[in-house]
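In the two assemblies presented below, chain A is common to both, partnered first by chain B and then by chain C.
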Partner chain A sequence: MKRARNKAIAAVLVCLLIMLLLGGCWDNKDINHRSLPIVMGIAKRESQYLVVLQIPEPGLGATKIRLVEETGTTISEIVDRISKNMESQIDLLHLKVVLFEKGYAEEGVNDSVETFMRAHSLSPKTMTAICDEPINLFFRNIDSFNKNNGTILINFFEKNAGWNPHISADRVWELFRSIHSYTRDTVIPIVRSGTGTVIESNGSGVIRGGKLVERLTSDQTLLINMFNGISAKGKIEVMDHATVEILSSSIRRRGSIEDGHPVVKGRISLKVSLIETRGQPSQQQIKKEVEALLSDRFDAMLKKLKAHQADVLGAGQLFRTQYSRDQLERWRTDYFPSLNVDIKFDTVIQNTGKLKADA
Partner chain B sequence: MRMIKELEARSETDSDLLFQHIRLAGQPTIFIAFRSLIDLPATLNDLYQRAAWVADQPERGSLGEEITEPEEEALLALLLGGQALLWHENGNRFASLTPIAKSLSRSIESPTTENVLRGSISAFVEDIDTNIGLIRKHEPSGSLHTRDFRLGSSGQKRVSFLYKEGVIDAKLKESITQRLVQNAERDAGDLQQLASLLGFPRWTLVTKFNTSELPQEAETALNEGKAVLLLERMPFAIILPSLMWDMFAVQNDRNFPAIFMMLIRFLRMLAVLTNIIIPGLYVALVSVNPDVLRIEMALTIAKSRVDVPYPSLVETLLLLFILELTLEASIRLPKSIGPTVTMVGGIILGQAVVSAKLVSNLLIIILAATSISSSVVVGFQNSFSIRLFKYLLLVLSAMYGVIGLVAGLVVICAYLASVTSFGIPYLELYKPGRKSNG
Partner chain C sequence: MVKNAQVISMYLLIHSGLIFFLYPADIIESTEVGHWIPILTGFAIHAAVMFVYLKGLRLADGQSVLDLFSSAGRTWSALLLAPVFVYLTMVLVITARAYSEIVNLLFLENTPLWATMALLLGVSAYVASLGIESIMRSGLLLFGLSLPFAVFVLATSFQNVDWHYLLPSIDRASASFSFLFGVPFLRSLFAFGGGFLFLGFIQPSLDYSHRRLLMSSLILLPLFLISVYVPLLTFGQNTSATFLFPFLMATDTVDVDYLIFERTTLFFMLSMFVFVLVFMAIVTWQTVRIATHFVNLPFKPAVMIWTCATFIACTKIEDWQQVERLLGWNTYFRLYAMFVIPAATLAIGIRYARKGDNTNEARAQ
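On to the complex of A and B.
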């Protein structure tokens, strides 16, 4: 009895000892000994990467922002080198935004995205964006605005802060998915430093196979967001006669093959509210105009996308069960250009807002 | 004659042993009793009256109970038990009688360790009969039974075992009775001794006794089919078995509307979780998994930790240590000095330790939350358990971060699930008329 008990106690002690010895907790660094970069800018100049990190430096009083620049052959090497030179360890897990310089994006960002996803050095939830001007210039410009804790760029993309349905939102994992998927490409926002505001949205870029191939305006971005079911709430549409605010949107779509050609039929239902009217347009008129305007925009955009064989609408997803894997592999080149999209816009004026329009 | 001499010799070492020569109905008699246990004037007064009454008509019997074969030990035991002896000189006869006892208990007061907002506020006292009386007042039912046991080497410690017939689990009743009978010669001066007497393991992290000062709680326990033990000179009822749910619920909650009762109980559960988790979570988030935090929060925490020399585990342990000292000190101190310690410990020390840059000010908030929540549970005996458990989580969090925290919670749950008393699991929701396990 006693021996068994002693044995049990010894076993527990050994377990505790092992836990202590193998815990590896001596490698843990407290949060104030880590640098938490929140924005990373990546550019490629003559086969050399240029990485800019925006690191908030918490201290007494206001948080200062530190910009660190380094060049090298791989991104992880650069981060390591920065980490070595800094007084604290760089922890990329808090990185919120990865900015690709336009030139690099056009060349293809596959390598970096692959590194990010495979090395787990940063969170797959990190937002991605394209920077429309030289990356170091961009950071220097926004730095002059950064009087608070350096979260401006994040808030720009946060759904509960500065995001708006005119801006596409794309994360690293989505970019990774688009690179490897047969049937889906992606759009990522294009930004540049602004004059009055810190950042200026400049539409979005169509990424096909990791390369920037085409640019879309913010109105077209809105349509893509609508098509992908991201509620376009809060959006204001300007026409000749009225401005409406989209309160909610929903989409139903179905893919089918007719005469060997893929066809997408769908219906986007919009609930809108009148914000501003010019003259005395009837509600019927406004509805018609909204629908016509959106259809036109959609067709124009689709044409553009077909030309670049970039399926950012994810229309190919609807055919995953209808084409064989070999056929799906050729989706972008063989089928998408002949895709027939028949989308009907259905508008309901849910309320006439603060204005009383004539029925 | 020899016996009375022996007893008289004893009065040299027991100064409160009284030998009073009196005449009862003309007979020379010696009245023997412990002066400290009886009310002498009242007793003698009563004795004279009864003696006169008996003397009038001898068929009315005698005074007290005749002791046929007096032995010193037996006589002494009677005296210690609060009885008085009469020695009639002619005939050399001993008789015992029940004197008017001195009241050596405080009167029934409000509880000192449990607060009652709504409900009966009289609490148990040291006198076991008063306590049984209080329970009987609350539960005037014929099925309430009390069984007395005499424990201890001298056989003088009285324990009353109360239960409600037909409601109590037969196995529970059987095992408690059996233990009390079997181990009658063992001492039960404190709850540790009682625990070993009842066969509870010595090394346990949760208390096996649920104690309450309130007759109302005892009544509820009895009606739920639990057993209540009353110990002589212990001003509380010991309720067996003690279960997890007792940490969150008191009968008094039922004096509030049902919704408030549920919310209050939910609050207590949250408090327990807060108390156990928060210090560990702080350490996990600050030193192992800061990536879980929102960036704004991470920066604020980093800012508050600038210039703090120690790793988060050390600073947390440091402050927790001081917190435990404060808690312990406020128990020891007289009520009039208690607030001073709280103020010095809480405000002055807390402020100074932050401005001295020994700990971050976020930790002060964490510690405040911890200390407050540790006292939310019902019954201070339960707060010891959760106070201890948080250290396990703290250490695991410091090593493995959030995963360690969750693993620690699993360990705690597993431990609690393993605890049983008299075959009743600690985590069981006890209901009257429950089905026995297995």
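On to the complex of A and C.
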């Protein structure tokens, strides 16, 4: 009897002790004492970083947006200082977008990317973009435009919201990979505050070794996305005699070496839907126009990329068996400039809308 | 009692708890091209020594290694088992210290190290003190509970792979097995070097089919390959070589729209963490079994004392470099536990079987 009672007392004591632990983690800060910024803007002016954080503050009825600005020598120092000055702790766990100011991107963003990958609380999935105007101005502009919606920048990039096939999408880990990879550079979108819409897409920037080296138009970005196997579904192409909407695209490509030069042969299959016609073009004519338009655009883009030795197509990936690792290390400088890309477009006009083809 | 499910799930759980953290970084460091060669080599070694070990145990008619070695004389068995004791103790210290650091790095930033270590060691000591049956039962339960999460994360981890990174599949350095005596490869043996030793300790109380266990080790092979190849295919060799925990980094890049949770890594981490807890429990149990076999000590207090000692040793390790150095020293004991113990088990097992035959024959005459 006594033994059983002792056991019961011990069990109760253990339960009480566990209650002490149930408080959770050490130095835990409740959610109402945390600020969760969703967008971070980074600029570098005279070796000083300028960081702008966009922090949504839920209030009665509507969510307010708060902008916080600070300068310092490193990003983490700045975040720390902002955290100190604010009444709550900054927690970057839910950061969704990082914006680099154009000048800083041209100088090279390697340091910040490394910080992002190294830090505990930052997600490598954070999206990246380049801002075409002074970063503080950009935030003020979009703030004055859209007082109550803090998610506008995220929605712009989100695949299930405002993203379009001609906007490149790039995350911090992809940027980090491109900095370390032998054969892969990357494109990240360029945005600025708009006049009619809140944000204006301004093509995309080619990043080589962490530096912004060249700009591509939206149309060229579309081709890169297509080349990398991202479907161009939804893009509308306007030509002399017709306007079509791309319904789907797929690519097959193969790398080989001919006469000592790398050659990529590819075939992009497009399915399009007819939206508008001007005059009475035949289906054949429309197909030809689509193919000519895309081919010309592709060649122009490739020329630009070769000039900067930036392989955003990831073409070097196709030569992993042909070249040794030492050779691939020199891929960008020695081989990519002499690369020949032979892309054929196969267009199928899947439907002609609700009207007959010759209507 | 035949408990195939318990033993097999314990075997799988121990190894999956170990391979997804430190193992990928070691393999990625061991060679630049053709990582499947070190993976398969390691796996072949693992399967071979396990086969020898199980063979020896079968010849011993379901005795534990402790009893079997004792049949060869007390001094011999003490000499044979002393390095194993040191090895298991080091494993306990390293695991407790390394995994609390990992927890600190990845999600509990503000928790002091000693608290996570105390939790890890405390829980595993409690489970160990209840005896092998409870360890095995809790292993089966936790394995069943975590399996759906782990499978989901493993399946989604392929989201960002670029299959081009698979090539080239071989080069001169990897084909010539030059990685074999390199430090990274030897360190990678941590993931499967001594985990299977428990099979020889549980025997009289729990029986299991040796053939099925060997078959189930084939399930580990895809796990080994996934743990290395997912980060390689996502990031490429150069980038993944910069990470401390490449596999977790790769799962961190996975973006699943329809989940309300942002980081699937966390689920995976927690299930692997629970597995490590069970692993530590069984290592504690083995260590104390060896000690109590030679020194007359009551079991439960011995577990308590040993865990406290481990905790103190853990708090003395100050940084990650010391953990790595400890892992390096541990290599010798690991090689011993991996090769000498199974070989000795087989040798003594054969002798025992022969002696058994002789006495049977003598009895028959």
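Basically, the second predicted complex is superposed on the first by the 330 of 359 C-alpha atoms of A that agree within 3 Å, B and C clash if a C-alpha of one lies under 4 Å from a C-alpha of the other, contacts with A are read in each partner's own complex, and residues count from 1 in each chain.
To be clear about the criterion, a residue touches a chain if its C-beta (ideal position, glycine included) is under 8 Å from a C-beta of that chain, and two chains touch if they have at least 3 such contacts.
These figures come from a predicted structure and were not determined experimentally.
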Of the two partner chains, chain B (first) and chain C (second), which one does A:Arg215 touch, if any: first, second, both, or neither? neither
A:Arg81 contacts which: chain B (first), chain C (second), both, neither? neither
Partner chain(s) touched by A:Asp91 [first = chain B, second = chain C, both, neither]: first
So in the superposed three-chain picture, is A:Leu36 touching just chain B, just chain C, both, or none of them (first/second/both/neither)? first
Given the touch rule stated above, what does A:Phe176 touch, chain B (first), chain C (second), both, or neither? second
Is A:Arg320 contacted by the first partner chain B, the second partner chain C, both or neither? second
Have a look at where A:Arg66 lands relative to chain B and chain C in the superposition and call it first, second, both or neither. neither
Name the contact category of A:Arg192: first (chain B only), second (chain C only), both, or neither. neither
Looking at the overlay, does A:Arg267 come into contact with chain B only (first), chain C only (second), both, or neither? neither
From the superposed pair, tell me which chain A residues show up as contacts to chain B and also as contacts to chain C. 25, 28, 94, 123
Going by the contact rule at the top, pick out the chain B residues touching chain A in the complex. 285-288, 290-291, 295-296, 298-303, 305-306, 308, 311-312, 398-401
So in the complex, which bits of chain A are touching chain B? 19-20, 23-25, 28-32, 34, 36, 38, 56, 58-60, 63, 91, 93-94, 96, 123, 149, 151, 154
Chain A contact footprint on chain C (complex, rising order): 32-33, 105-112, 115, 162, 164-165, 167-168, 171, 235-236, 238-239, 242, 249, 252-253, 255, 257, 262-263
Interface residues, chain A side, partner chain C - complex: 25-28, 94, 120-121, 123-125, 159-160, 171, 173, 176-177, 180-182, 184, 314, 317-318, 320-321, 324-325
